[in-house]
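After this come two complexes, each holding subunit A, first together with subunit B and then together with subunit C.
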Partner chain A sequence: MIQALEATDLGKRYGKEWALRDCTLKLPIGRVAGLVGPNGAGKTTLLHLAMGLLEPSTGSVQVLGISPRQNSSSILPRIGFVAQDRPLYRTFSVKDMLTLGQKLNPHWDMALAQERLANLSIPLNRTTGKLSGGQQAQVALVMALAKRPEMLILDEPIANLDPLARYEFQQTLMDAVAQDGLTVLFSSHLIADLDRICDYLIILSASRVQVASDIDSLLRTHKRLIGPRERQASIARTHTVLREQSSERQSNLLIRVNGPVLDPAWEVQEASLEDIVLAYLALQTGVTFSVQHKDTQEVPL
Partner chain B sequence: MIWVTWRQHRLEALIAAIILATLILILLITGVDMLSTYQSTGLASCVTPQPTCGELEGNFINQFSGSVSLLSIALSCLPLLAGMFIGAPLVARELEQRTYRLVWTQSITRVRWFGTKLILLIGISLLAFIALAILTSWWSSPWNAVIPWSTYDIRGIVLPAYALFALALGVAAGVLVRKSVPAIGITIVVFLLLRLAIAFLLRPYFLPPLSYTGSVDNPGPPSPTDWTIHVGTSDRYGHELSDSQIGQICPQLKGNGSASAFLAFRNCEHAQGFHSLSFYQPIDRFWLFQSLEAAIFLLLAIALLAPAIWLVSKKIT
Partner chain C sequence: MDTEKPAIEFYLDQRSGVSPYMQLVQQVKHALRLGYLKEGDQLPTMRMVVSKLAINPNTVFKAYRELEYEGLVESRPGQGTFVRKTLADASLASHGELRQSLIKWLQEAEAAGLGEESIAALFASTFQQFHKREEIA
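What follows is the complex of A and B.
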């Protein structure tokens, strides 16, 4: 079964510093995945490895079943990529950027690009350096979409955008996903965005993958517990406590459940995605979580 | 990729075209002037030596040496400009402005991206330099009939070879340091060092210079079209003497530059049986030297481009 992205023990080292380490994860095709993690966690490194912009130091990465570094000419036409800070040639007009896309991509859809930019009222004759940040982000996204890719990889596409521009960007993205059933992998450090767009979540922290999971199962398997502090230890025996906030008598826990919580002394609440993400980001240890999907296979070791 | 290359470099192309057009205009004007003077003064008929020829040559050289040296300097700098402004930013600017993340993630491989850019930019630059070299060969032809080696650097096949080397150097420096301005700096320093070192240290000895023994009154080399590397004085046995040895044997010139002292010195030289010993490269080696030097710069360019291509395709990110 081909994965949209499959990393096995993937690592990237610069000198003695690891930018990404022991990264093993699978992203099934058809998902809209958010990649979250604090700055410097290795998000950009992972995405650049996936695009073949970087060579792995250890392990391997495959995108749509293809190694991007060895076989870039067959994988590049199939992925639309928007790099961090959305680089464009600043002296090019928007129209020039589209022509560039047309000249460099075999499946380029000029009509689609022009239509989307017209809908966004972005003037084709303006140089990209004179566009607003939101417009630049839109041009970059439209360029990635007009490649007619099977997968989109976006590196912090909405960072530094004002709320309206962010909303419009997400709208363009979600329209495209709805229309074409694209697989999307995008990194962000804004957790609020994830809920709206994603159905899959990858949490990267301290250069390692902490979570790579369906958001539904993530929500199903993580709960907030409120109960007497003296019985916290018994909870920790069965379940994994990710975060605790305790007063003198009462404990407020975020746990990963391992079976039902039977003790009636605990009040069980739904955990929000934000709670869960924050709990994992706060972890520095390698407590990892992954859900095996029926349609995925174990990585042969 | 051709369109992209054109779009990215059209400003450089425009500036290059303006510089080129200006140079061509100046070359045409001074060239026609030089040629008509050459013919109208009768210098052209000096193929068979006549008594007035020396004076005609002197006048001709005086009249045109200014424009020849100015144009020589301009034409010698031109390859360096190409290296600085076309070569150095080629990869460095993409890395610096992070647009490599855009252009290397379109559907073409970076090898193809780099290959197309190199072929187009180097190819077109070379064509321009070849055209220029053909023009300067015509332009300098009257001058070359008098002192041909003096225009060696700006005509023939070395001019395009210098340009190729400068471009390769700029590209390699940009790949290595990843920033345009330092890459431009490296290009200037390395280009000037190598170019001058080869011109002044290596070129005179591409082949061992020929020697010519003449009288002290009329030193060699045998023809004014030869390139004089060195002129010295030899004793009656043909051994070259140093200045201090000459001063010991014939001390008449010491601290005295008057005409009578010079005459006494000359008489001493004659009495000692001194001769003038000159070392020179004959004109028939001109094209051999051009070929050798062009080959050196061609090899240097390849030695710079090969690792640059490898770095861009495999290592740079």
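What follows is the complex of A and C.
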């Protein structure tokens, strides 16, 4: 089956430093995936490898079944990309940007671009440099959407926006997903909004993939346990303890379950997505977690 | 088309720790139980919910599917999703009285010096024990 993104042993090295290594993951088509990790974890490197902007040092990457580096002219029209700095020509008016988009892209949908910008009340004759940060981000997103791409790749699109502008950006993004069934891959170091926006999660930390999984499976397979500290070792024998916070007597664990927790001394609680993400981000090495799921669903609207 | 106010306005509490999908399901059930949603009412279209809450379309789809699976709503192709069954039964009539006794209990708790958090904790743990007892019985 063709994946939106498939990386196999993908790595990128600059001199002796690995920006990304041993990256193996699959992102199914139709998902909205968050790519999270601290600054310098390799998020941008992974996105640039996916766009064919970088040559892999090891392994391979395919986007929509195509190697982007060798086939850029066939893959680029199918992907909408918004780079970290929201690339707009600052002296151009919004309208000029749209005209440029139309000249550069074979499948440009001018009506869609104009309608979306009108809904956002962004004036077409304003110079892009004079727009607010939120409006610039919206224009960059609309430019990417007007290409009518199958997949959107967004590099930290909302990192510097205020909460309201961030929310409005996410509204535009989710509305586009609902309408067109796009696959979205966006990087972020903000984790608060993930469970509302994403249904798939990729966690990078220390240049490695810690998690690449459907979010439902992640929530199902991770639990918080509260119980007597002296019984912690027996939990660790069966399950994977990701994070431990203990007082003298009590342990508060975040675990990846391998089967049911039978010992009644432990109170089992649901773990929030934020808990899980933080636990993996804190891990420096080791445990990787990847779930292949069968039920990729279409969204008929 | 339809410019009336929707029968239910969804909201998301980001700090509740409850998944967005479950929040949508619970809000519909809650409204059904309290009689705010009635048979034949139309739920907002998925597109409306998605745009308003900036939420993943799959989440809304999953919540509506869950409600449909439980027989509470039905989706009519090309029209939307409609309430099939109300959860407000004969017990709705006794809600007023129960609310009064709960208010009385809350006043007693406050008079005894319990703060909001202690009250919530006491209720939650009693509620939990009560259910456990029922499960065992």
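Basically, the second predicted complex is superposed on the first by the 293 of 301 C-alpha atoms of A that agree within 3 Å, B and C clash if a C-alpha of one lies under 4 Å from a C-alpha of the other, contacts with A are read in each partner's own complex, and residues count from 1 in each chain.
Keep in mind that, in the parts below, a residue touches a chain if its C-beta (ideal position, glycine included) is under 8 Å from a C-beta of that chain, and two chains touch if they have at least 3 such contacts.
Being a predicted model, the structure only gives us computed values, none of them experimental.
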If you stack the two complexes on chain A, which partner ends up touching A:83: first (subunit B), second (subunit C), both, or neither?
first
Examine A:196 and indicate which partner it touches, taking first as subunit B and second as subunit C; both and neither are also allowed.
second
With both complexes superposed on chain A, which partner does A:92 reach: first (subunit B), second (subunit C), both or neither?
first
Just checking: does A:170 make contact with subunit B only, subunit C only, both, or neither of them? Give me first, second, both or neither.
second
Per the contact definition in the header, classify A:270: touching subunit B only (first), subunit C only (second), both, or neither.
second
Touching A:48, do we find subunit B (first), subunit C (second), both, or neither?
first
Is A:262 in contact with subunit B, with subunit C, with both, or with neither (first, second, both, neither)?
neither
Of the residues on subunit A, which ones does subunit B touch that subunit C also touches?
none
Any idea which subunit B residues touch subunit A in the complex?
1-4, 7-8, 97-110, 314-315, 317
Touching residues on subunit A, where the partner in the complex is subunit B:
48, 51, 53-55, 72-73, 76-77, 79, 81, 83-85, 87-90, 92, 96, 99-101, 103-107, 140, 147
Within their complex, state which residues of subunit A touch subunit C.
32, 167-168, 170-171, 173-175, 177-179, 192-193, 195-199, 219, 270, 272-273, 297, 299-301
In the complex formed with subunit A, which residues of subunit C make contact?
12, 14, 17, 19-20, 45-47, 50-59, 61
